[in-house]
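Read from first to last, the chains carry the letters A, B, C and D; within each, the first residue is number 1.
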């Protein structure tokens, strides 16, 4: 099919289950909440080499946060055990240390819960405090008091929702990827964990030549190898491909994000083809067809 | 002594040796280089709970980078073994994956070297390529080709240079901390690895109450505990304290950063006292006296 | 009364009628739409010395714009004749010249209309084109084609909605002003036209000493003149005052913005008093009582 | 000739004299200085329809400003009479009103001077004050005190230095234009006054069809009119052209900026041709040959 004159491949994205924590970080101004959110979600592009996948979901206006201050929601995604460890470490090192911050559970309805006991940092000076109906701990620190919840909901979400943007040159594909990320930013419950939300070097599982590698370049999608690789999947005229990878709290939000992203990408001049990544359908329980996004 | 009407404590910052790698990340525009740099240096505030300390040192203009594109220099700091692992992982996951990036060694004169072999990702399609006199590997990827050096200099640098900004209220201290971070950003060879460059919750080693904690709140510097803690070091009238922690390639640059930061902080109205953190001088080999900064 | 421990003055903001145009600027990405919006609304803080008052109202997601691309809404406010001239000049010089932009009427329901005939720039090569149900002109330009509507609704709105944030020092007042501007940014139909949304030098009409001045410093609200001016209105302990000035499409949205802004400001530590500016109620037809904001 | 594989046209940019003022705006942090600088230089893309041309030249670190705070230098360009009026209005409305700002003359060596008497705003409460060796006025205002010089140097500079970036599609040309603007940002003494520094709709003098227009689309450089216009100057394969227009304090800095910008643009994939705009050499006294930039 075509959309806005761009060919949409007859394929699907194959995605995987992951555990997801959603944390609301508030601060005195939007900017300071954002700085903490960015630090807390750094070095978290891909579970292949990072301790988790994480990203900034979006802005949460003051009237929707427990303490009436502006905030950002972040998602942290990993296996269950790793998730608890990562939420603790990232909040302890990157949010408790950040100016004027507070943290709140962003999944208060979730049945599954993890404890995040930062209050031990208070060395006995900490005390319980209710903020906006939430049971928090207040910890005396050098800039005053840190306030935070310590019981966080987690849900079984979806990792690896994705699509490929193919351009007649690199800059067309890149700007389309940016437009896609912009559009996805308006969707609740999802993140794009790679740098700027974009993957420049999509990978295949394992490696043909170097057996010690758990992932390597996906040569079938490398435009410079189009003539060299026998079964290249790079369409004629395509010079660059970016992958957008989406993690989310459920399949519905990942699908909504894919839809917003694909539509946005097709509006950028120089984009010629949209596809998606899968492993034949045998690995991941979620299959999101591109044709169902429209 | 006083500077700009602010009392400067008669004390010193105690700092420690660390191994430092300096990486130049370039991209098609300044913005894309910055996005990769931020992702690669996230979750890296403090060695206490993060795998390393890292931050963006500063912008490197196109005429000073090997490939003539705009770039950012980042510093990654850790023990020697951990450093190699972290440089590899952070470049592999956060820069190789980022749109249009290339990486170059930012310490070409350093005698000590570490290998950073990303080229295995190329699965045999990679090849050697010289860029601006540097021996690089080019790896075919989905957005075209990634180019990077794989031999990086490391130096024995300094971690934990610091000073405390004390304000008559929290916002005065915070804006002064921001002004200090702004000033430090112009100094070469240093980073401030905490969120936005600022520490809100400076810690002491260990914990009196919770023996399993390796660090806990520094109650002597907590303004809300001033009346409660016997030997509080919070001066009268101080309501908030921020710590600026600086890592750098050598003692001289850390000292220069401290000087620029302290001077900037004293120009912000509402700042009343500047001090620094040390452990009695027995732990760290570097002692930087505040009075020597002027 | 008090709110979050801050005294709210028993007074009101006095505001004035103005004509308002609302323009949607779209572009290939959010960033490029924003750059055009900022340029088009610059040098437009106050009708006293600028040709109009203008500002960025907020982001408009792709699914709400006529061409399905991300956009920003801007407001331009002035007397009716001046408004037409300013909309034409600002769109011609700052949006038509900006990369990839399109413009659409942001007040399609308004009965009062102004023509904005940019298509003459096409020198005869221009042609009519429908986009998302809107009658537009397409103008061939160097970067491709500019597309825009040329018939814009205007409404009788409200200028000069305002409140004063008073702090125990300058940085507390400034951060509170920033928090207020952040909160107002989420309100539809309003702008804060001053730099960063904040007024540092609120004025009175005319001047006592220099008769040729149409406005001069409001000495009764100058903290440094508190002991010098007989009838100073600076409360004890206040060291700095910022004014937030709001223009909007109607009284309701200005009131909503004032409410969001005042509430946000009171949450910032160091803020001690909120007031508002008026001229005794004889000049402006709109009187918005602070006590009605809660 | 070719540079980085891109054809460089054998032509020159024709530029014009203009009067230039350079103002240093400082504030408590870099961010607040920048906000004032952006507001003060808005609605100032082209002298054709704006009251002046203006832009942010660049960051000035604290150690180089008279008051030791971070700052930004801006340039304002216009005819001599208009220039004085615009400097006064823009400083009065966009900088005096901005939080924590001070202004200083950025051309202290210039022989030609203009007075910028903002102190009348003080209504008699103002007083003289020396800051960093500069004679300033201090004006009591609501946020404390505004401080500024009132005697500004102006020099006969150069307006309209330019080059054209031609791409195989719009996004390649746009990213190259961005890369060029990034590179020019490192050059002292110049600005690129258009939105984001880039012109999407370069114009010719007058109009063939609409005699009341002083400028209209430059149809010879419109890619969509390539087949329609007899003497099109759009090279084969070019789908989009952006113009970078540079104003500066002298010919040398404009030339340096053109050099940095052109070189940067040629490094972006998809750029195929660089040219420049002139009027046959009869109008402007400055002719900057593209071949002399290398």
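Structural remarks
To be clear about the criterion, contacts are C-beta pairs under 8 Å (C-beta built on N, C-alpha and C of every residue); 3 or more make two chains touch, one makes a residue touch a chain.
Model, not experiment: these values are computed from the prediction.
Both subunit A and subunit D are touched by B, C.
Shared residue numbers account for over half of those found at the interface formed by subunit B and subunit C, and the copies are therefore classed as meeting with the same residues. Most remote chain with respect to subunit B, judged by CA-atom centres, is C.
Averaged Cα coordinates give subunit B a centre that lies 34 Å from the centre of subunit D. Our note on geometry: subunit B versus subunit C, Cα centroid distance of 39 Å, whole angstroms.
Subunit C and subunit D have Cα centroids lying 25 Å from one another.
Residue positions 28, 144, 170-171, 174-175, 239, 268-269 of subunit A each touch two or more of the other chains. Chain contact topology: the protein chains form a complete graph, every chain touching every other one.
Residue ranges on subunit A touching subunit C, taken from their complex, read 28-31, 61-63, 67-70, 144, 175, 178-179, 182-183, 186, 260, 263-264, 267-269. Those residues of subunit D lying in contact with subunit A across their complex are 167-172, 174-176, 239, 268-270.
Those residues of subunit D whose C-beta lies close enough to touch subunit C in the complex are 28, 32, 35-36, 38-46, 48-51, 89-90, 92-101, 120-125, 139-146, 164, 170-171, 173-174, 177, 194-196, 198-203, 207-210, 212-213, 215-219, 221-225, 228, 239-243.
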